[in-house]
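A, B and C are the chain letters, set down in written order, and residue numbers restart from 1 in every chain.
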């Protein structure tokens, strides 16, 4: 008998009293009616609490703010589907590298890159969570992980208040990364400190009109 | 109303004054109190120690004593024993495969109230001084016992009643929601951990400067009182019922 | 016909046992004042944080009700869900393995690692691999496992044992962590201070090269979603993302009870888990992957579905809800017993209130003395209040005490003092007139108490009581007698 058959047999025998499946109550909040301004305010509050850098800007200001946030970088990687124009005001000295199908950066190359710019799929105001799902403007998981500085573009239209509101906007079978602030740990005396293995700096641009 | 008193074994044998206080309060409100003499104990000590077959006769005895039409509601000056009657009795009957007993246990449980539950929820007491004539001119603190607080969800019923006693000063107990470490046979099976918990409870009580620590469970109070007495600490313990029964004419002394 | 027995739930083994009776272990741990100070500080910090973020959600109890029902249903349909998960995970290029117990899981993982030719693996914190003793097993097979979670790293470098399921090094304070790093971390900056941020930075530089070079990673999983074949890991530091993203081979070891029916269920658990565990609105990183994704992350993806006593727990109809546990650790953080003894006193990988039920449920209460764990609680109920999936831990503790007493009934040649006390008590408290009879002896107790009106020393097992508490002098007359004399005679 294979391990699988045996485990399934054990399960059948363990449940021989046939416990009745109960109706699952789902009375928790599934929709909200916050205004755009309230959503922005709440998301900013949460991200700041996580010690992320946050700016609320107009879409036309993206190139200027990207340049300002990345002024100290030596090199910047971006997913091939990212709006190129967003990087148009980066100073000349900063190397820009696209991570594209057929032209992937190695882990060592990513490690040598100081920053990454990505877009995002959906953000949850109540928990301060930004979700990346591997769309061409968000890229492979490795690019938003290895560089030490992540600059993330969050279109205001992609902000919801509640997690249940975010679920329908995601394709679950894509590799998903949920990000709530820069990397952190509570492992010493259960006090949160920021900055471990993931990007130690998280900058977020909340963009109106996008 | 005709109210059956479930005295609980510990109050019956060790703290008869608390049962008398309970009777006094209810009679003062104009109710008739009866004492079903067949009662003995809720069986919690046996159940919580894992001696289920030994618990059965105790539980059956309780259900037999209280499964009568002779009263409207039953009351006990204990959160823990009432929680046992309401929750543990039906479960024990189910575990031992006794569906009829379970049904009777549920019925008895529904009619059984912890003292503050009865006073607040059924009898509408919101002001002990006004409605019960309660008077206790001293400083107390208050420990909410775990089973009343969590199993019965008593909330602030006991504390709110105490706060409305005439002449009283209630100091809030730091870390009040922490268990005193009694836990029935836990206190002897795991005596070291239990003592460590008690030590903190005693420290917190002493830090309030109160003359007494009040509570709704005689068993926890015996545990806390035993710790206070052993360390030579000043505060005494006093049951909620005794404070509520205390009046200007007949004031309870520590 | 041994066939008949092959399908019977078998007890789990591995790191699931108390190493000595709990009261004995507790006695020793209580003497460790530094550990007690560290634990008090850490548990009190997290309690306040948890209450604050839980209080923010107006629908917290609705979420708990949903979480509890989803888990109950998942356990009632677990066979179907596991098969569904297997089908979907496999369809997306993942490979599913089944392990009856700890040693089978260890063997499967070892073979998978050896097939890659690697002699090193990086690990994401995982309770399942802790439970089966994977690191120790890999070591005997010549494979070195590097723990990458900060607390696991502290434990591994300190040659210590985890004492908490979320924060395995909770018993160490910052200065002790610094000392371990200075002594054991190769290439550490000798001027390292005990600032948590500096300690985290030291861990970052120590592990950076490992992450970038590793070919094989081993993880656990917080959830498996049956309807999509998706796995999820919830973490903080980014070590999880490193392990789940950079290596070529990813091997996940997961208990079968982690399977959830549908992907929407995540919206419940991802609200319950972070707030209950680290007291955060959301943990910094959550990764979800469904089999293999071309061009993104590991291309060689495995999962080992582990029984190791879970079906044994499932077969206990009064205890099976313990399998609903999502490993948040809220129960231990609020437990007054855990706070004072720490996690090592429980022996098992799973300490605290949940461990005191889960360990004996998985091994069987009669197995190798897991019998003292269900008594390691005053039944105060703080754990049940805090549990995000509403596992009634006190009720299961009491149930297991019953199992323990019944198991020992048959083996005791002579009754213990407790047996005698309980039997006597059953008679005395089984009839109103019996207790009434005994109460006639109350004045005798009064005599014992003497003029101080306290009893300072009791014999036998009751000596545990008088170790730190006096017994008051009993009254002259019971309430029962007073009632007869005063109320009935009138």
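Quick note on the criterion: a residue touches a chain if its C-beta (ideal position, glycine included) is under 8 Å from a C-beta of that chain, and two chains touch if they have at least 3 such contacts.
The shown structure was predicted, so the numbers you read here are calculated from the model rather than taken from an experiment.
> Starting from the defined contact criterion, work out which chains touch subunit B and subunit C both, please.
none
> Taking each chain's centre as the mean of its CA atoms, which one is farthest from the centre of subunit B?
So the chain farthest away from subunit B turns out to be A.
> Taking each chain's centre as the mean of its CA atoms, how far is subunit A from subunit C in angstrom?
30
> Counting in whole Å, what is the centre-to-centre distance of subunit A and subunit B, each centre being its mean C-alpha position?
The separation of the two C-alpha centroids amounts to 53 Å.
> Which residues of subunit A touch subunit C once you look at their complex with the stated criterion?
Its residues touching subunit C are 1-4, 6-15, 17, 19-29, 46, 49-50, 101, 104, 107-108, 111, 124, 126-129, 134, 140-142, 145-146, 163-164, 167, 172-199.
> Under the stated contact criterion, what part of subunit B meets subunit C in this complex?
Touch list, subunit B to subunit C: 7, 9, 11-17, 19-20, 35-41, 43, 45-52, 54-55, 57-58, 60-61, 65, 87-88, 91, 95, 146-147, 150-151, 177-179, 181-199, 222-223, 225-227, 229-230.
> In the complex of these two chains, what residues of subunit C are touching subunit A?
Contacts found on subunit C: 6-10, 38, 41-43, 45-46, 49, 58-59, 62-63, 65-66, 69-70, 72-73, 75-79, 82-83, 92, 97-100, 104, 148-151, 154, 167, 169-170, 173-174, 177, 196-197, 199-201, 203-204, 207-208, 211-212, 225, 228-230, 236-239, 241-242, 244-246, 256, 263-264, 266-268, 270-271, 274, 278, 280-290, 293, 295-297, 305, 307, 311-312, 314-315, 317, 320.
> Along subunit C, where are the residues that touch subunit B in the complex?
Listed in rising order, the residues are 22-23, 26-27, 30, 318, 336-337, 340-341, 374-382, 384-385, 395, 398-406, 418, 422-423, 425-432, 434-436, 438-439, 442, 454, 456, 461-465, 467-472, 474-475, 477-480, 482-483, 487.
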